[in-house]
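Let me begin by handing over the structure; questions about it come next.
Which chain is which? They are A, B, C and D, in the order written, and residues in each are numbered from 1.
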Amino acid sequence: MMGLQIFTNSLAHFLAGVLLLCAFALLSQRRLAAMITLVQAEALVLSAAAFWQGLVQGSDGLFLTGIITLCIKGFLLPIALRRITRQFNLIRAVETVMPVGLSMIIGVGLIGIAVMVVLPGSAGTVTLTHEDLAIALSVVLLGLLVMTTRRNALSQVIGFLSTENGLVLAAIGMPGMPFVVELSVALLVLLALLVVGVFVFQLREHFETLDLSGIEAIERRGR
Amino acid sequence: MVVLLLRCFATLLHAMLMLALAPLLMGVVTKIRARLLGRRGPVLLQPYRDLWKLIHKIPLIPDTATELYKIWPFVSFAAIGAVALLVPGFALNLASARFSDFITIIGLFAVSRAAIMLAGLETGFGFGAAGAAREALFGLFSEAALLVVVLVFGLISGDPTVDGIATYFSFGQLGISVSLGFALVATLAVALTETGRIPADNPAGHLELAMVHEAMLLEYSGRYLALFQYTACLRLMIWFSLIATVFFPFGMAQAGNILSWPMGLISWLAKLGALAAALALFEVSTAKMRVFRVPEFLGVALLLGLLAVIFLFVAGRLSA
Amino acid sequence: MVGLPGRGMHLGIDPLSALFLCLLAPQVVAAAVAVERKSVTFWVFVLGMVLALVAADSFALILGFELMSAASWLLVLRGDRRPDGRPPATLYAGVALFSAACLIPAVFLPAGGIAFVLLLLGAGAKAGLAPLHSWLPRAHPAPSAGVSAVMSGGMVSVALYVIIRYAFIVFGNAAEPWWGTVLMAVGAASVLIGALRCLLEVELKTVLACSTVEHMGLIAVGLGVALRARAMDDPALASLALQAALLCAVAHALFKPLLFLGAGAVHHATGTTSLDWLGGLMRCMPRLGVLMLVGAAGMAALPLGPGFAPEFLLLHAVIAAAGSGGVMAWIGFAALFGILGLSAALALAAGVRVIGFGFLGRPRSLHAAAAEEADRLTLIGMGILAVCCVLVALTPGLLLRAMAPVISEAVPGALPQALAYAPLPLALLMAVLAAVAFVALRRFGARGEREVPAWNGGFGKPPVWLPFGDPATQPIASGFAEPVRRVLGPALLGRAGLDPGERYILAPLSRLHLRLTRLAELVRRATIRQRLAFVFGALVMFLLALGLGQNG
Amino acid sequence: MSVTAIAVLLPFLAAIGLGFAGSPLQGALLNLVVCSLVFVLTVLVFLAPGAGFLHGLLQADPLGMIFGALSGFVALTTAISNIDFVRGEIEHMSARRWRVYHAMCQVMLGASLLGLYADNIGLLWAAVEVATVAATLGVSLPRSASALEAAWKYFILGGVGIALALFGTMVLYLAAQPAVGPGLSAMSFSVLATHATQLDGRLLTLAFVFLLFGYGTKAALVPLHGWLPDAYAEGPAPLTTMLSGLLLNVALIAVLRFAHLMQANFSAGGGAVRPGPFLLSLGLASLLLTAFSLWGRRDARRFFGFSSIEHTGIAAFAFGIGGAAAIFAGLLHMLLHTLIKSALFQALTRAAASRGRASPGNFAFSHLRGMLATSKPLAWMLGACVFALTGLPPSGLFSSEFLIVSQTIQRQPLLSLPLGIGLVVCAIAIIRLIGPLIFNPPPPAAVPVKAGAGICTVGVHLLLVLVLAFAMPLGLVRMLSSIAGALQ
């Protein structure tokens, strides 16, 4: 029984770690295609984690979450994104604000901050949820970092997705979190997709590319 | 009761003398000056004759003047005349002593100055305005310097009225003499400017561009001019008496005591004569300044006043 | 419950507020009679002042104060029709807000130095005390005459009321001598700069506004002496100085509106208030001229005018105060005395200039030549004020006696002084002398007089095609002030001839503001990504601080 | 099913109807009808503060009631002026978009009410999220490049904000575990408030940071404000009114509630950090940044968007000062500002409509200037609204700002310096507009127009402001004070 417990924890940990690794790798990527792939991988790992937690906690809500994640984030979304890239042939590397190395160093720092904030200074009261939360928080922060360091609307969407993954990871780590939240997470992803779709649609109408420089040009006109 | 009567009588006498002797004083100054320059000069009564002559001329009113043209001479005279009553001459403790406040006197001088400046602006021609402008410029510093001197007096005697200051000084102590010396110099400078004498102005000058006091009266004639000129004489008289009373208070009579009057009268006339001589001497020995030098001249007076205050403080510390 | 939600507001009248209400009444009546009868904003303005005066708690006071500012701002805005760039309305609103921002803290801080300084900044800015005075000569002339009158006579008085109320009554027991010293220094600066500009300005209304600055300075000096004396518990001196200040406030509240109304009438009659274009108005508008003469006498602080008694008391108070303190105090008081004398002479010259170039001499423009007498209502309004002026001028003693309760309210244990200046006998004396001279000249002198072209140093009669003489030969007001400008200008106004308040306060402020605005523009123009970076950076910083705070 | 639930559900149902049928004008009328019904319901909520609906997920507390009624009122007046707006603009959007537009208005109303009445942090989050999506769609409706750009900004920044808020919500739930244990009750405001002292202070603090950033983004506190000016300036005009009138309050009140949890936990020594500094820093940042951003503006709606940032900043500052009186002042400030700002936007919309379309944008100051010459009542109303924003009496904001400043002086004297600077600079920046906007000569193309009867809604708003600020009825005073006392 004890052994099983340990095994459970370590597996959950392992999955979370992999997720974090993907998020971190996302930071290092310059090409959209590779970023999409990484997000997809994140989604798969996430759904696996969700299933595992559902198994452990014995709640069907988590299973549902996993399924939703798998379907939408694991398959639909990457496909859509790939289509967009092909449509606007955004195969070329995305220009980053800062050198990748620097952004990765910052990423490490973010992880440090996340751990520092979540885990109490006095070791001992450290529970699984705390560590889980720390990892989720790191993923969220890394996603945000991706959003802020890439000069390209699509890669911002990707970063946003990564952030979502972190949120879901946190959510499934919460013991007995009521159903509402997962639902709203799914809802959020749904709406996010919808709106992104709307956007991609019209952004193409107005600017040939997804690059935000056109928008910035508008913004430069003092108003 | 008797004392009160005597004081009133003394005041009346004082007023009479002031009003009557003013032109004579002017004559004396002119005479001495002429003598110092080696001329015979006009007779002493010449000012009376000039006034009489002017009175009997028909005044010519400029067509650009307003109704107030004829008011200004009277205003100016009334103010100076009032001062003449307030400033003690041969006797202290006159009936008007209570009102002989230094600041009131300065105010009355200002009134007459304002009247003369307005008279100069009355017809709206260049010379009068130029004179008025210069008068205004001089007025700034002379009034400031005079006020600082008044501050010195007030600090010494603790009494703002001329009469009180003179009474206090008549029992003069030492120790304050340094500052009083400064104050005297400052007062003299102011007096020269206020009475329109050299170096600030030249009463005998006849070049319009150089005149100050006369330039303002350029458009006046007949009895009005006479009144202005008489006022000028009176102003000189007042300043002499003022300086005599404040700085040389010795030998002054007490209005309440009739026996001391003759002595007082004599010493007063003597002081006036001495001052007239000094003025004449000063005038022949200096030249008239350029207009924009005068503020510096008066600025020095102002500084002397300030110095007087400081020395006063030092003296107070020494005596304490 | 009207007032602050949950707290309401309280009103009440004590001698001080009663005095200022009385001081407000005549000018409001006069202005209403003369010009502003139907303007709602004007009445809101008056309401604000009254509210500020009858307020019994800080909320009501500041509410009234700001209501007054806001209403007058609107009036300035409406009245300000000048084509030149920077309208004073915004500057004016800024000052109003600034004073509110200083007053609210001042009334809530515990009585002490900081509270007093804030109070002085707030109310002083409104009263136009240096160095925060430079808005006043711009804003006060802007609205119509009646409003200018009440602004220059009433609003500044309300600001003074606030200073007196707090410095003497509310903070009174915490007062320290340096408060008075600061007040005196501020007042001296205002007196000097106000009087100088009063002589140098060309626009009549601006001249009057500058003279307002000067008189506020005089009052501030009086209050300063009183406050210092009170802090050094010398009630006799304190009450003397306070008498001077209050009497000055009363006189100023009478003759300044009078002059402003007159300026308005002049503007209405000639279309200009520039002294360089007026002249000879005494001929076509004599009644107005005489009324202006009364006002100018007050402005120039001449004896037998309303302005002299306060000046007299003030100088005596300074003499009495000068004896106290160390050598610095002596030098300071001597310098103060010199400044007072200088500015008194400047004010005299300014008064002479207003009358001499506005109303005497020859017209300098066709408008001035063709001016018509002001309408009856204006004359009535000014007449009311002139009568009050004469009363105050001739019976200051009675007024001081009436003020006794105010003095004893502001200065505990006060013993009001008798006035050593008796205008009535003096007036009688001068009248007698003038009469004697007149009679004598009539009796002994030649009768009759002849009207001739002015001699003008022999330059002769102007040609016929120049109805009022060759303009080139006419002295103008700025020429009259030129010698003073040459002597004092470089020292006090700098080479550019700018008001120090503008050069050292307003200009740097506007530069700073420009710089900060540019900075804000940079933030505003950030791209989406940069804005995201703001959020992210702030979040990280907060988390970092949190982590360090909890683990460090 | 309680009044509360009806008030919340009605708009959503109406949205469905509006979204699929009807011509623009019909839509506007139906919109008006629904809004008036909702307003009545929000007032009725006072009488029957609905007992829990969906096992206590929906429970109107006094705070929610007051601001719910306010939202209802603003929605009502907006709907009234919306009719004229639709009349004027009808040919500039396709009927389909008009339907979406009206549907989105209703969704925003419903979501705000949901956010105000919700007793459950998850539900609150969902409400804000729905409102965001609706607002995004609404803003993107004009389909102009700048509108799309604004909507895009709104979506990105808002999405991030929502994500942060969700994370915060979860952490808060985790923080509630030791005290309340798993389950719905761990997400109920009332339960959390009662157990505030036993929450895990450390996690609570972490949660608060995220919630502050999440909901602070919605409340547009600097530096989270990036979306607001553009969203205000580009969306359809009445939508802007709804944004400023409804959503800001929801977010700010959420922040206030969470801050109260922190404060309670802190004062009980539960290990949480004092929320004051967070709120104070964000509030001051908003105030000071807007103080200088207000100057270069040429577009009226963008300008007043910045002023909204300023005023939410002031309210947040007041909450940060803490203490019953300051919180009272902050709530009062929110009430008054909402009324004034929505009135202002209504007047502005009418003014722009009276001037017609123009090249630099219908709301460019150069286009709107000189109102007095073309329409007196409109000009006076507009001027009164703009003036009311400055906080000079007789504007109502005077009393709230007076209270805030006095509280600052008494509790945090040093902070009153930046506060004063910010307030003064902002007020100057606003008051300087009145001259050009009202009194200057109008642009040559402008023609005199008659202001419709609808203008009186603005007057009603301003009257209400005066009453609330200077003669607040005792009942309301008691209610607000008790709220403030409970939240301090």
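Quick note on the criterion: a residue touches a chain if its C-beta (ideal position, glycine included) is under 8 Å from a C-beta of that chain, and two chains touch if they have at least 3 such contacts.
Note that the structure is a prediction, hence the values are computed from the model and not measured.
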Reaching chain D from chain C through chains that touch each other, fewest steps
1
If you tally C-beta contacts across A-D and across A-C, the winner is A-D
As a test of understanding: of all chains, whose mean C-alpha position lies farthest from that of chain C?
A
Can you check how far apart chain A and chain D are, centre to centre, with Cα atoms defining each centre and the answer in Å?
31
What whole-Å value do you get for the distance between chain B and chain D if each is reduced to the mean of its CA atoms?
78
Nearest whole angstrom, what separates the Cα centre of chain A from the Cα centre of chain C?
69
Taking each chain's centre as the mean of its CA atoms, chain A sits from chain B at a distance in Å of 99
Please output the residue numbers of chain B that touch at least 2 other chains, ranges allowed.
none
Touching two or more other chains, which residues of chain A qualify?
117, 144, 147, 156, 215, 219, 222
Where does chain D touch two or more other chains at once, residue-wise?
152, 156, 160, 164, 202, 206, 296
Pairwise, which chains touch?
A-C, A-D, B-C, C-D
Residue set of chain C touching chain B in the complex reads 199, 279-280, 282-283, 286, 289, 300-304, 308, 311-312, 315-316, 318-319, 322-323, 327, 330-331, 333-335, 337-342, 344-346, 348-349, 351-353, 355-357, 359-362, 420-422, 425-426, 429-431, 433-434, 437-438, 441, 444-446, 448-457, 459, 468-469, 473-475, 479-484, 486-488
Contacts from chain D onto chain C in the complex sit at residues 152-153, 156-157, 160-161, 164, 202, 205-206, 209-210, 213, 217, 223-224, 226-227, 229, 273, 278, 289, 292-293, 295-296, 328, 332, 387, 390, 392-394, 398-399, 402-403, 405-406, 409-410, 413, 416, 420-421, 423-425, 427-428, 431-432, 434-435, 439, 468-472, 474, 477, 480-481
What residues on chain C touch chain D, complex-wise?
1-6, 48, 59, 62-63, 66-67, 69-70, 73, 77-78, 87, 89-90, 93-94, 96-98, 100-102, 104-105, 108-109, 513, 516-517, 519-521, 523-524, 526, 528, 531-532, 534-535, 537-539, 542-543, 546, 549-550
Chain C contact footprint on chain A (complex, rising order)
97, 110, 113-114, 116-117, 121, 141, 144-145, 147-148, 150-151, 156, 212, 215-216, 219-220, 222
Would you mind writing out the residues of chain A in touch with chain D in their complex?
117-118, 120, 129, 133, 136-137, 140, 144, 147, 153, 156, 160, 163-164, 166-167, 170-171, 174-178, 180-181, 184-185, 187-188, 191-192, 195, 198-199, 202-203, 206-207, 215, 218-219, 222-223
